[in-house]
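What follows is a single structure, and I will ask about it in a moment.
Think of it as A, B, C and D in the order they're written, each chain with its own count starting at 1.
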């Protein structure tokens, strides 16, 4: 990518937050035992348990999101069960069949901006068991949601509670993919906290890769009995890092001095400035996203001009005259980046 | 681990070689595309192809060894096939069933210090197909070897050529696990080069985790037709890093200025000093290893004393009077570490 | 089920066609080798090759349809690939996740009465490869169709040729599930023959269970290179019958003296009489099916009366006033059964 | 096979016991619901529960042994677990990797004539958990045994009780493969009954294929909580027969009037006559088998002569002068068959 380009294509295009890198450098020459049994990993687990208000929680570090999803879903399901998810869900679309590789069908549900309604889940499960031949079909064994969704939308606390209630009424766990959880917690108008998430989701993961770390995702289960024998399963999935302390050091940094939320708030604030700039030029957001992802429907002529100075992604196929595009901010986005983008809009829009 | 401890427990207890860390820091704020499509990854692939004298080679970065093994083996085998390996092979023992998770049986072979003989492979396959009911058994679909072995032993060039000849005579690929390949190349008396490995093994991987990187393994196939559609398979295995450039930066550093071999030679030289020290005190090596792993049979009394000052591992169960232990060196081991260990031996042995 | 009930619930409620049973009895005390290597299986394979005008065809007997689908799909796909199918496809709905158990996603397509259009397939594959991130998604690796469909509809010869052309243009095989293939071949207005099917479908199976046998499905590939090493894969799927000659004897009977088609024509003729009876009483078919399955939308009051004398199935949930029901005929249905049903309609409809 | 040949190659070379065939014929034209929900299957389940003195037992019919093993083992294990078995165990050798297909490693144990000792199991599990790195290895999740073994040997009641005690001490289930269970129950000196088996094995199956049926195996768990959701798993494995009543009719016949044991006693009595004949001519059994399989070490010259008149199998590779062969009897073997074989021995041995 050009050196002077503006980068709005994703939240994983830069390295790690400088505070995270600093800690990696400071600890680099130390020797520790492997596989996450070291003191830094233990410290990170402790900090995460505190931040979640979940003193007994299982906290296990994995390297990436696809891996975390596949491993958790394998752990939670029996072989005859599948996973309910919005048909836009990352596991249904962009994981190259990682869930099916584990033998499980993704049972796709209708959604709104990537959000699944509690009613939809309830009806699916009720209808399923009212069919005489249900044992010939894949049983809904857990509900997978993303917070925020792949489209930047947020579940409210009430919506999360409703989903949890439906899941528990039907005796299936609720699993929340938090690849971008920081941006949900930092979102404009978010009415839930990390302890709420830890209480409501039977299992979830705190995304590191897209939220300030080089890599790493922290799977959390407030009740560790939810994930028995998770460690060997992580190893079996090839998801156990030899130098596990790398995740420990990074998550310890992210959960010290409020860095995880601080970095996310920075990104969200800039996303809102960016949204305001587009709106001011006649392009309101295509999706109501209070998070670090913003979607706009723009004329192709404008898109082509912007692409000379800024990287961002098409969202769906390019249309004849207009197309939908996505702009993403992160800890690495600066006020100056937004200023420069605004200037471009001022000039062309 | 205590701050003044000597560390000989493994070659993954410290972080990355300082030159690797330096490059990670220097590039941290840059923005690049994800998933290994960036310039640093491309540069690293180019450097590795050069070092392997394999200009067309497929080079794909994965995060860890278990992952690399499971993904490559899945890519190379058909569902009815299994993988031949020494019964000490890492895939047969220490990967929590990652190979079986992919549906493949590990067909364990007898070995000598972790090395499988060409004759053994030839006889296994010949006997297999001479059994009338062979279609009711798992077909040998590839040969897996480690260089050096889990016991520190080395295949000679002639032995590797013989294995390759047997594999090709039976139309199965040879896959070489190079988790510690640097130490093989740097070993005392090694009569093969990286281009030899790239020519002989249909697929192999160049270990980063245990050889100077924070993490990362580079899977190489001189003929890319050996691994068609490898990229989505890597993604499906949860082995594709979002910030793929992290592996690119690290491997580019390791394959610039000869760092990969230089760091390994350092480790091997210290391992040989360590071996000499034990031998001088009446403890010749238990296994003839010219690499960075050294095995000794020591009195438990000596072991208990040493463990107060140095970390190292039991190899197998503790015996009644004597036990076998393993000492491992790495880029992070210093001459002073060996001096201090020698002094302890001088005092007690 | 009551002794005087009329049976229209499915085509697998009775045993085998009497000619099939006679041959099983006649050969019962003979000794043969197992696993389908016997003379009867060889004879059946020969007869099927002749009937298909496919002299080199691989013909492998399996026990049931779910098994046949899972085994063939596993044989045809690479791990990163999925199977395109109508979202009503048996593999997508009623096989308890057998395809996903093999690691493959079912890529559901829109359909008309269970039929997938060539255009739909073409557009799916074209769109797939025009997405930059297609390697993060499950690649369409084969097309699965049923003939007749689960809804009794038929692909015409031209439609089959078009599907085949699209598949070959995109280098994926076409697999045809022929659980009820006999009824397709015997259907009113069928414009294709068994040799057409064998030529057009890269792999297909000739259903025995629903078409006169006790059990058994014959997988056929005109070009055996399509299914290399299929035998051990069948064994691995638990689909290899020890007394394989049982399938040989049955299929030899079905493919002698035209029994397979003869029995199906009988069933279809009675299905058409049944359809005429419903139509005459004001209930035209809900789906245009020229095969042994007939679907009607009936008042619940009529359904309830009929259910006292005849077994048949709801198709979908019971409506408030009317519901859709399915009537199925087979070799075991008699003219008298249709007469009795007509009389009931006469009385109540 | 020639019409006048004597058949000792296996117990699945003929069809079904005539009483079984008679019942299949008598019921052939009846209509029943599918998938084992019919009255005959219910009757068979009732009869089996009575014969096992296990009034609440889950009884599920599957088609064949490989299928039963793969399905039960999948049901009993978690993804990170493997199955302990004698290295001669059918699942470890002759199922084309069906267990690994389900993701599970077979953990091979040393044995005596196919029998695993309780001590061996205890030591394996104890050693496993005393290894610090056990979570990197495949956990022993169940014990698989065969009764009688693949070599015709029998576990005594005391040996079975000891295995059960070890399993329960280590909290893993005991699964018994009863492919030839009838011959164990009917064996010379058997000191256990079917209720003993049902009490001792957490799950087992009663073999039909090799013991008088055309096909079919009845999986039994005295405590149905051992196999929750077993039905959809059977379907997912492709192991659910549409015309499930076929197994019901056959097992109802086998468990009426003592046919199952009666037919097996006939086979065992003839096996003992055969053994006596060989012993009398200087060929004592190579393995002490009180069941329907008999193994002898014979001169190749004698083997070659016998093979002109009788079919039987080599057991292992042919030796230079002598080879081990297996003779098997079944319900279909006659006194005259043994007389004729004895006459051949009289002439040549």
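One rule holds for everything that comes next: a residue touches a chain if its C-beta (ideal position, glycine included) is under 8 Å from a C-beta of that chain, and two chains touch if they have at least 3 such contacts.
Here the structure is a predicted model, which means the values were calculated and not measured.
Engineer: Tell me which has more C-beta contacts between its two chains, A-D or C-D.
Structural biologist: Pair with the higher count of C-beta contacts: C-D.
Engineer: So which chain is the furthest away from chain C, centre to centre on CA atoms?
Structural biologist: B
Engineer: If you average the Cα atoms of chain A and of chain C to get two centres, how far apart are those centres in Å?
Structural biologist: 43
Engineer: With centres defined as the mean C-alpha position, give me the chain A-chain D separation in Å.
Structural biologist: Their C-alpha centroids are separated by 51 Å.
Engineer: Roughly how far is chain C from chain D, centre to centre by C-alpha average, rounded to an integer in Å?
Structural biologist: Centre-to-centre distance between chain C and chain D: 34 Å.
Engineer: Show the residues in chain C shared as contacts by 2 or more other chains, in ascending order.
Structural biologist: In chain C, residues 79-80, 95-97, 101, 103, 135-136, 232-233, 235-236 touch at least two other chains, as defined above.
Engineer: Inside the complex, what are the residues of chain C that reach chain A?
Structural biologist: Residues in contact with chain A: 79-80, 82, 93-97, 100-101, 103-106, 127, 130, 133, 135-138, 317.
Engineer: Sort out for me which residues of chain D touch chain C in the complex.
Structural biologist: Residues 1, 5, 7, 9-10, 12-16, 18, 21, 24-25, 27-34, 63-68, 70-71, 95-98, 101, 209-210, 214-215, 232-233, 235-243, 246, 311, 332.
Engineer: Show which residues of chain D lie in contact with chain A when the two form their complex.
Structural biologist: 74-75, 78-80, 103, 135-136, 139, 228-229, 231-233, 235-236
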